[in-house]
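What follows are several structures.
There are two complexes below, and they share chain A, which is joined by chain B in the first and by chain C in the second.
For the complex of A and B:
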């Protein structure tokens, strides 16, 4: 099950990369378009795959649990199996067409590797979140529902609320609020991270000293990566914790 | 016979009286430029040989041609103004002028032209300066092929590279100005032409107009300045084929228009600026055949701009094409190419079948609450932009390009 779907996933990214390059004829422009795709699709696919995989292999998992294997290694193994194969598909699927197109001679290589790194992070994060949801919900339909809702919330609704907050409190200094708001959502964080690397960083620095300090230096980059790592570690810890206590 | 003799005398004497050459060098009888000027007669040529001359307050009060050989250094030792021209028909050529005095009360310049006509200033190199070439109440002159490199850091204690004040009909061509406050500054100066200059890395503006009318600037490059060009309170300025590049920063513009009427902006390239053109209170301006590429905002229109027309421009990959801060629109957008146009062309006539709305809702939001810029390229923003596009509520609903081009325009 897993391997077949990851081939499909791989083929999808391969096709996407080829088509983008074919249409754009320009590496750096393709990177920008790709960013939009990665930020929306990668979390969605990570979430759905995570939930789907968990529910599908539930019986097998129960069988495994009867064996003398540590629970944490069963579940972490499952999680890593899904997350890493998805990341592999993403990296190879997008990487191959770009490499053939002459990525290594292009200045876009850093932007592109950043794109793949954030893509991988997002896969890790959202697969972990999906596993958490699946672990907490026996009911498949509910689990799927929550997973999709989570994605919808972080990808779309969060930004809406965020925007409303900013507009509502526009009379106050908002530099810090907006930075913190970004940090709290992995999708926003990845988006900002990629924007930082593209030339738009100066545009982001257009307002306020805090912005400028944050976006203008490598400090922002480091903090963002630390936050992304936290976003991976937290749900993974919960998987371990939850799986130890759960009754099957 | 007497007349013929007199005539002969005049002919023979002419070279001596008119085209005499005075040589200035360290070991010559005349060892300073001011001495040379004192000794020279009208219309003489002074040749300054290679060497270092520590001089300031040199006043050129007769029509002379001063030529430097192998770039002699005139060192002002930071004591004040270096050369002041107060006579007509003066040419200064090939000097290396350094160390102009700094002052908060007087505008000391490397070279000042005052109340004179037909001057020619060329092939100079100016370094460590306060003001570079200062042209004051003068007319019909030419500033050609000079290189001005300052060390300006702050606006308040630095001067301008080339400054024109109450001057008329001056040609500024092929100069290279860097690291000063304003690269080229025109105040109350009409009918001037500014051509083929490169103005870069200046603290404030690459080129700056104030109360100057009927000027033309073309084929210049403005790169990496605080803001590329500021045109303020001026009429009938022509701006052709200039290149505005990389004016990045929190308050940076490629071109700033403030209270400008009847100007023509044609064939310019705006690339990688935070704001390509910032327009305020400007009327009847023709924007034609310009290319806006990779800017944060291609054009930002702030209040009171009427009857401007934007035709046949290329808008390529800008974060925002047009930003408006009001709902009123009296400007016309027609036949432009917009890279973010998503319409179709069923009748294959090269013009999109549905009009394009260059103002996005998000640009309106960012105008209101600048911090929201952090949501740039978020999916939610795409959704609200889309719904605004379908039924405009916040953005001017008559702001449309009815004939958006399908292919990038070339001229």
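For the complex of A and C:
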């Protein structure tokens, strides 16, 4: 199941890359369009594939559990299997058309690499979160529901709430709050990172300037990547912890 | 061989095992019996480390099984319901399990014994229940481990395969292995087992030979002896 769908996913990105390049005729513009797609789609695909794979391989997991293999290796193996094949599909699917278009001679190469790196991070994060949800819910429908809700929350609702808070407290200095708020959501964090890298922060006004001051520096970049890594490590640790206590 | 001390397990509000003490010596066939939902499978899964007990200790061949996976090299386990990944072929599954444990040639003999050759290239999802159980048996018996655990080994088997299975179990016993069996087929249990372990309401109610059970319950045959335990305890 896993391999067939990752080919479809690969083909999708390949097509997306080719079409965007063809329509935009410009690497940097294509990167911006791609960002919008990746920021929303990558977490969704990671979430759905993660949950689906876990539930689909439950029988197989039980078979493995009776064998002399450590629990942590069974579950981490499954997680890495899904997350890495999704990341591969993303990187190769988008990478191939861009390379053929002349990515290496273009100035957009750094923006593009950043896009792929954050895309990979998002895949790792959301697959791990999906595995966590599936591990905690025996009921498949519930598990799917929670997973989709989580994605919806982080991709859409969080932004809304965030914006409302900013409007509500507009009389107060909000630079720090908005910075922290961005840091706490991996999707927002990735979006901000890429936007600022693309040098369109002027569009964001004063906040943009504050963000630029922070994310634009190498310190900000490092902090952001540390945050993304934390977002990967935490759910993965919970997978290990939770799987050790689960009954089958 | 296998020692279980004060084992407790609760699923939600349902107390399944409440203080099981059991020690199983080396060699022989032990039948774990009990009414539906008495905790037979939970007990077996605890020994395998698939169910994590709330309280209690289990040692297998002198090793505590907590946070340990190596001891499972010494156990062959036949799960109750053969749930295999449906898109794998029989051949692939056998090869994969061999890769996980150790190389063996025993499988060829077992495939021949259960007449599974025509199914080797079929996908597991397309097999009948009985054929799946035969595949299950091949996977279990192909490693020559000192402990064999069989959860309902007879389910779905036709009479001829049942005879072959009995012969197989007896042959394994002759090698000096310790075999744990759960079953609801009393004639099967009576025929092959050396000792009975009867679980009732999460505790060991009786442990001993069939003869001892008959004397204890004052019943002439085994089936009635079991039935009398159940009626006496309103189970």
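As a working rule, the second predicted complex is superposed on the first by the 233 of 248 C-alpha atoms of A that agree within 3 Å, B and C clash if a C-alpha of one lies under 4 Å from a C-alpha of the other, contacts with A are read in each partner's own complex, and residues count from 1 in each chain.
The definition used in the following text is that a contact is a pair of C-beta atoms (placed from the backbone, for glycine too) under 8 Å apart; a residue touches a chain by one contact, two chains touch by 3 or more.
Computed from a predicted model, the values in this text were never measured in an experiment.
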First (chain B), second (chain C), both or neither touched by A:66: second
First, second, both or neither for A:180, with chain B first and chain C second: neither
Dominant toucher of chain A (residue count), chain B or chain C: B
Contacts of A:141 with chain B and chain C, given as first, second, both or neither: neither
Which superposed partner A:35 touches (first chain B, second chain C, both, neither): first
Touching partner for A:195 - first (chain B), second (chain C), both, neither: first
Partner chain in contact with A:167 - chain B first, chain C second, else both or neither: first
Residues on chain A lying within both footprints (that of chain B and that of chain C): none
Touching residues (chain side chain A, partner chain B) in the complex: 29, 32, 35-36, 39-40, 155-160, 162-163, 166-167, 170, 174-175, 177-179, 181-182, 188, 191-192, 195, 199-200, 202-208, 211-212
Chain A partner contacts - residues on chain C that touch it in the complex: 11, 45, 48-52, 69-73, 75, 77, 79, 83-87, 97, 100-101
Residue ranges of chain A in contact with chain C within the complex: 1, 57-60, 62-71, 244-248
Touching residues on chain B, where the partner in the complex is chain A: 248-250, 272, 274, 294, 296, 317, 319, 365, 368-381, 383
